[in-house]
Amino acid sequence: MSETLLQTDGLTKRFGALTANDGITLGVDRGEIRGIIGPNGSGKTTFFNSLTGFYTPDAGTVTFEGTDITGWDSHRIARQGIGRTFQIAAPFGNMTVRQNMLAVQTPKSVDEHERAQEILEFLDIDHIADDDASGMSGGQKKLLGLGRVLMLDPACILLDEPTAGVNPALADRILDHLRDLNDDGTTFLIIEHDMDVLKQIVDTVSVLDQGQHIVQGTFDEVSTDDRVREAYLGSADEDEVPI
Amino acid sequence: MGAENDLSIRNRIQALLDRDDAHLWLFAAGTLFLTVLPLALNTFWTRIALGVLLWVGLAQSWNMIGGYAGYLDFGHGAYFGAGAFVTGIVMTELELPFVAGLLIAGVFCAVLAYAVGVPTLRLSGAYFAIATWAFAEAIKELALIIEITGGTYGMTIPTGPGTAGIPLVGWPDEMFFYYLMLVLTLGTIALAYWLFEHSEFGFRVKAIRDHEDAAQSLGIDATKIKRRVYVLSCAIAALFGSANAYYITFVHPNDVLAPIITDQMIIMALLGGLGTIGGPIIGGVLIFLLNRMTSLFLGQTTLYLPLIGVLIMGIVLFAPSGVVGILRGEVGREDVKRNLRELAEKFNIL
Amino acid sequence: MSADTPRQTRRGDSDPPVLRADGIVTGYGDHEVIHDVDIQSHEGITCLFGPNGSGKSTLLKTLNGSVPIWDGTITYGDVDLSNAKPDEIVREGIATVPQGGGVFGTLTVEENLRVGGFTVSDADAYRRRREAVLDAFPALEDKLGDRASSLSGGQQMMVSLGRAMMTGADTFLLDEPSAGLSPALVEDAFELVERLVDRGARIVLIEQNVKAALRLADHVNILVAGELAFDGSPDELSDENELMEVYLGL
Amino acid sequence: MRENIKTVKNRRQFMKAAGLAGTVGVAGVAGCVGGGSDRGGDKFKFGVVTSLSGDLRFGGEVTRRGYDLWKKTVNENGGIDIDGSSYEVELSYADAKSDPSTGADAASRMISSERVDAVLGPYSSNVTLAVAPIMEKNRTPHISGSAESPRIWEQQFKHTFGTVPTVTLIAQRAAEEILSLDPAAESVYVSGVNGPFSKATASAMRDAAENKGVEVLAYDLNPSDTDWTNVVSSAKSQDPDLHFHGGHIGSHVSLLKAADQLNYDPDGFFNHYGVNTSSFKEGLGDGARGTFGATVWMPDLERSGGKLFGSAADYAEAARAEYDSDPDYTQAASSAAGVVYQQALEELGAAPPLSDTQKSKLVEIIEGASVETFYGDVTFDKEGEFYHNNTSTSPLPIQLQDDNKAVVVGSADSASPANYPVEE
Amino acid sequence: MVSTELLGQSIVNGLLLGGIYVTVGVGFALVFGVLEIIDFAVGEYVMLGAFMGAIVAPVVGGEGLFVVPLAFVAFFLVGMIVQPFLHHVTTGDRPMPLLMGLVFTFGLAIFMRGSVLTIFGPNTRAVPTKTLEGGIDVTGIGTFPEVRVVTAVVGVLALVAFMYYLYRTTGGTAIRAIAEDRDIARLMGVNINRYQSIAYGVYAGLTATGGVFIGLIYSAGPGMGLQYTAFAFFMIVLAGLGYLPGIIISGLVLGLAQSLTAVYIGGELVFFVLFGMIYVLLLVRPEGLLGKGEVS
C-alpha cells in the first residue's frame, strides 16, 4: 500500500435544494494520476472547488498530507501544496509571462526568479518570457497556466480539462510534461472528457454521478462497469434523450 | 501616408521609454524641474501648480485601488475629507501643530480604512461601487450634524507663524505648501511605481484584478492584499486631505467631503489611463487645469460645464484607454474611423 | 456526394437554396484570420473541421453576419448576403445554433421559442412552426412554462434547435452544439441534429468531436490556419492520412 | 472683457507663463493666454470672485448684476474722479464654483496675476472664509456685497468688509417686528435648512421669538433637499400661529408648496432669504402671496442717495432697464459695495494702479468711512462680533401683497398695513 | 406623546413620497437590469423633465399635466439617440465596461446640467397646474395632496404597464433575451440596437415624465437632479439589483424611511440614516432586501 496524499471523507456541498457533492469519499495516493469523470452536472468542478477552498463544504472533511484542511481559505490550501488550473486559461493581463510567474506566492525558501526560469525552460516557453502574456496563443496560455501552478511547488495538482481546446500536437506535449512531472513525484487529479487522453495517462479513474462517487478503478475496469454505463447513458426513453 | 512621420516619432519615444532606466531618468528630470519651477512662477501660478500636484497625487491614490486592484471606489473622497477634519480637530482641540495633524490623520484614516475595508471589500463590481459611495455620503451627512467638525458651520484651521510644527520663517506661504505637496505627490508616484510596476506585490494585485480565483489558487491571499491596497490608497488620500485643509484654512463637509472630489479622481485616472503610473499624472494635470482655468478665465459664462461633459464623453467614446492609450498609438485616425463606423452601426434602430 | 448515406425521409419537394461563400477574407483588427476561402452548404450535413485557432468559428460567423467580411461574396441561392446584418440573414432562412446551444436560461421554454420566432409576423405561420417544433421534440411540450435553465442538457439542446427552427430557416449553422456535453452523450446530440435533416434542412456544422461528427457528415471541409485544406466527401478524406493525423488527431 | 489678455507686454511674465505651459502641457496654453496679463494705469481694476455655477449660482448671479451695474453706471458717468482726472472701472471675473478652494485660487489670481486694486467678494460664507485669508496675506481690500453669515465677522479679518448687515441682525429684527403684529402671536414654529447661512437665520428667528416671550414650538433643521411635507406635517400637528423658516429660495418654495398641498395654514409664513426675488415668485406663482420676508433695502424706500444713484428708486429703475427685473437688496448691496470703493478711492486720491501702501491706506479709509448711498448709509463696525460688517443699514419686515409686490410692513413710518392673519 | 394624527400623516407622506420615487426607480432598474448600465444621468432626466414642464406648460394653457405625454415622447426620442452611444462604450473590446458606462453617463449628466444652467440660468421655476391644487383631508388619517396622489398612481401604473410589456409581449421578451445574451438574441433576428434603444428610450421618457410630476410637486431647478440619482441607487440596492418588481416596495420603504426619520428622529439625520441604510444593507444583504437580486 502506498501512502495516501489526499483524502476526502463524506464531502458534501449543497446549493439550495441541489446537492452538488453528496458525501464524496475518495483517496488519492502519492504519485498517482487520477482521472475524474462523470456526466455534465455530476459535480466534478464543484468537487475541485470544495477541495481547493473556493466552496466551504457543508459536511465532510478534506485531509491533505495528514492535515485537516477542510474549510481553509483557497490561498492557504495552495500554499499547503495543492495547485489547480482552470478550464479557461487566462493569463493576468498587462504583465509579461515572467511577471505572471512571479505573481505566484511561492514558498519562502524558493528563489522565485530562478525557479520561474527553470519552469519556463522546462515548458519550452522561456523564449517568450519577457513578452506580454496577453499575446500568447491558446496553447501557450495553457502552458503558462501549468507553469504558474508549478511555481507553488505543489505535491498535488488538480487539472480541469488540461487539453480542451488545444490542438492534438500540443495536447501530446502537455501530456508529456505531466508524465515527466509525475515521474518526479507530483500527484495529479484530472477532470477530462476525452477518453483517449485519459486512457493514455491515468492510473485510476473515479466516476462521479449526481454528486456521488460511484466507482473507482483502472480505466478498463471503469469503462466496462455497468453503473458507469448507466450513469452516462441513463434510461433510454423513446423520446427523451438523456444528456 | 501622412501618419508615417508621426509614427516614427512615437516609436522613438516608445523606444526611449522602453529602456530599463528610462523611468528613473524621467522621474529624476521631473523632480528637478518641479523643484525649480516655483522660482519662475508668481503666487497665483504657484497655487495652480500646487493644485496640480494635489490632484495628481489624489488621482494616483485612487488609481491604486481603482486602477491596479480594479475596485471602483466611489467613496475615496471620504478619506480626503476625514483627513482634513482630523487635522483640523487635532490642531484646534488638541492645539497640536500641523505636522502632528498630518501624521494623526494618516494613521487614523488607515485604521478607519482597515475597519471599513474588511466588510466592504467582500463586495465587488457595482456593489462595491455603490457601497463605498453610500459610505462616503453617510460620512458627509454625519460631519454636517456632529459638533466636533463644526457641523454645518465648518471649521477654520489655525494658520499663521508657529502652527506648522516645522521651523518656518513667518506664515506658511504658497512656497511652503508647494513643496509640501511636491514631497507628498512625488512620494506617492514613486511608491506607486515601485509597488505596482516593480514588485511581486504589484503583480499579485494585478493577478487578483484579472482573475481573483486563479490568483487565490496560486497561493495569493486576495483578501489581505486588497485590504492592504485599500488602506494604503485611503491613507494617502487622507494625507492630501490634511495638507489641503491646512492650505485652504477653511474646511466644510459640503466641500471636502463632496462626491465631486471622488468623481474627479476617477475621471482623472480614467481619462489619463487606468492602472498605469502615467495615467493619473496626465489625467490629473489636464483635468485640473481644464477645470480651474475655465472657471477662472471664462468667469462670466458656465458654457465650459457642458463642454467638459462633452470632453468626458468623447474620451470614453474614442480613447477608452485614456491619454496614455493615445500616446501609445492606440487612437490613430483609423481607430477613430472604426469607432465612428461601429457607432453609426448601432444607430440602425429602425 | 456521399452515396452511402441516402436520406429517404427528406420532405423536400423544394430543396433549400445553396449557401455559398466565395473568396472570403476576414479577421479582427489588423489581424487577418481567414484568407480567401470558398465553402458552400451541401445536401445534409456539411462539416467544418480544423484545429483550434484555424478560423472555423470566424468563418461560420461571417455566414451569420456576426463578423463582417473584408473581401469575397456570400450568396444564398441568388440572394447576395455579403455583409448583411444577422436579422436580415435570419429572415432569408439561415439560422444559427450557438456554441453549447446558448438557450436563454432566465426565459421560459415558450419564451425561448418566441424569441426564435421573432422575425415571424404572421400569426398562422408562427403557430404552424411552433407545432412543428413540438412535433420534432415532443419532450418540450410539458416544459413550455419552465425556465430553460432548469432543463437537462439534452432538453436545452432541443430548445436550442427548436428555437432555431422557429425562425423558419431551412439552413442551419451549428457552432459546436455538443460543447460542454459528456462524450457519451455527444452521439445523442447528433441524433437531435439529424431530426432537422430529416425535416429537409441543410446543416453546416463545426465540431471538435471529429470522430462522432464524421459519421454523420455528407461533406467535409477542413480549415487550417485560415485556409481550406480539404473540401470533399468523408470517403475522400479517409485517404488523406496526413490531414487525418496532424489536424484531426485521428 | 479684458482687452489686454492677448497682448503679452512683459517678457518676464511671458517666461513664467511659458514655463508653466511647458509643465502642464496642453491646458497650459490657457494659462499662457490668461496669465501674462499686465495692466495699464488708466483704469481701476477690480477682481470679482463669485459663484456663477455650483450650489450658490443663484446668489452669485445676483451679486454679479450688482457689481456690473455699478461698473456700467460709474463708467457712463466718466469714471472715478481722482484729483480732476477720471479713471474708468474694469471688472475681472472668476467663477468660484461655490467651492472654497477654487475661490481661493481665484482670489490669488486677482492679486498676483491680474494685479487688481481691490476685490469685490463672493457670495456665500464658505467661499468668503477661504478668500479672506488670501486678502489678509496680500493686504488687499475686499468688500463683499453679500456675505451675511456671522461666522465671517467673528474671524476679525482686517481687509474684509461687508455691506449687508449680518443675517443675525436682519432676521432677528424682522422677526421681532412680525411677532409684534396684531393680533400678537403666541406660538411659532421655526424651521430651517442645515446650512451655515440658513442655520444662523433660523437661530436668529428663534432668538427673536424667545426675546419676545413667544413660545417656540420647534426648532427643526433639515437638509436642503429634504421633502418638506414632513416638516409641514409636524408643524401642522402643533398648530402654531406663525411659521418662521430660514433657508434659500429653493427650500422656501418647497416648504410653501408642501404647506399648500397639506392644507397647512398658520397665520403667516416668514421666510428669509429671498421672498422678494423673481425666483421665489416664479417658483410659487400665486402661492407666494402673503409671505413675509426681510430686507434691508427696497426700491421705494427713502434712502440718502449719494453717488451715482440719487435714490433707491433711481437705482431700481437703472436695474430694471439693465436686467428687466426688480433688484433685491443683495444686488443693491453689491452695487453699494462699489460705491463705497468709489468714495474711498476718491478720498485716497491715488491714480491706478495702487501700490501696496496705497491699498493699506484704502483699507483704513474704508474702515473709517461713512458713505451715503441709494442703499442707505454704510459704516463698518470697528470692533466686536460684527467687525467690519455694515450694521447701520436697518432691516425691515416685508410682505408680498397684491401682484406679489413686496411692501414694508411693521412699525416703520413708511410701512403699509400687513395682511395678517394672512388671507389669500 | 405620539400623536396618531401625525403618525398617520407621516405614513401617508412617506407612501406618497415613495410613489414619486417609483417613477424614477422603474426606468433606472430596467436600464441596470437589461442594459447593465448604471446611469449617472438618471437625476438629470428628472431635472430635464421638470424644466420641460416649467417651460412648456405656460405655452399649453398653463397646465403642467398637459406636458406629461409630451415629455414622455420627447425624452423617449432623446433616449433612443443616447442609447447607441452607451451601447458602443459598454461593448466591444473595451476594458471595464461597467466603469465606461458610469463615466460616460457621468459626462452626460454634467453636459445636461451645465447646458440647462447655461441656457436657462440658475433660477428655480414653477411648473404650474390648475387642476391639482391643495389636498384632500381624510378624517383620522391625514391629508392627501392631490398632485402627489396622482404622481404615485402614475408611478405604479407605469411599473405595471412596463412589467406587462416585458413579460407578456414579444418585444419585451426580446428585451429580456438581450439582457441575457445580446449576441444570441441578435442571431435570432432581433434587431438588438432597436430594442436596446427602446428600453433606454422608455427609461428616459418615464424618468422625464416623473420629472414633470416632481416639478409640479416641488419646482424645477438645474441642480435638482443629483438627489434623484442618489435615490435611484438606493432603490435598486433595496430591491436587489436588477429586480424590477421590487422597485415599488423599495420606493415606498425609501419614502417611509425619509418621512418617519424626519418626523421622529430628526430632520437633519434623514440623509445620514438613508445612506447608512444603503451601506449596511449592501454589506449584510447584497442580494437586496427582497432577496431577488442577482449577485454575481
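Order of writing sets the chain letters: A, B, C, D and E. Residues in each chain are counted from 1.
The rule is simple: a residue touches a chain if its C-beta (ideal position, glycine included) is under 8 Å from a C-beta of that chain, and two chains touch if they have at least 3 such contacts.
Just so you know, these numbers come straight off a predicted model, no measurement behind them.
Minimum number of contact steps separating chain B from chain E: 1. The chains in contact with chain A and with chain B alike: there are none. When the interfaces C-E and B-D are ranked by C-beta pairs in contact, the top one is B-D. Taking each chain's centre as the mean of its C-alpha atoms, chain A lies 74 Å from chain D.
One simple way to say how far apart two chains are is to compare their mean CA positions; for chain C and chain D this gives 75 Å. Centres computed as Cα averages put chain B at a distance of 35 Å from chain D. Between the CA-based centres of chain B and chain C the separation comes to 51 Å, rounded to the whole angstrom. Among the residues of chain A, none is in touch with two or more other chains.
Chain D has residues 53, 55, 57, 194, 223 in contact with two or more other chains. Chain contacts: chain C has residues 85 touching two or more partner chains. Those residues of chain E that touch chain C in the complex are listed here as 170, 173-174, 176-177, 179-181, 183-191. Of all residues in chain E, only 3, 5-6, 9-10, 13, 17, 114, 117, 121-126, 128, 133-135, 137, 142-143, 145-148, 217-219, 221-223, 227, 258-259, 262-263, 267-268, 270-271 touch chain D in the complex they form. Interface residues of chain E facing chain B in the complex, by the touch rule stated above, are 32, 38, 80, 84-85, 87-89, 92, 94-96, 98-100, 102-104, 106-115, 117-118, 191, 193-194, 197, 230, 233-234, 237, 241, 268-269, 271-272, 275-276, 278-279, 282-283, 286, 295-296. Those residues of chain B that touch chain D in the shared complex are 33-34, 37, 40-45, 47-49, 51-52, 141, 144-145, 151-154, 156, 159, 171, 173-174, 244, 248-250, 252, 254-255, 282, 285-286, 289-290, 292-302, 305.
Residues of chain A touching chain B in their complex: 52-54, 73-76, 78-79, 83-84, 86, 90-95, 99-100, 102-106, 112, 145, 148-149, 151-152.
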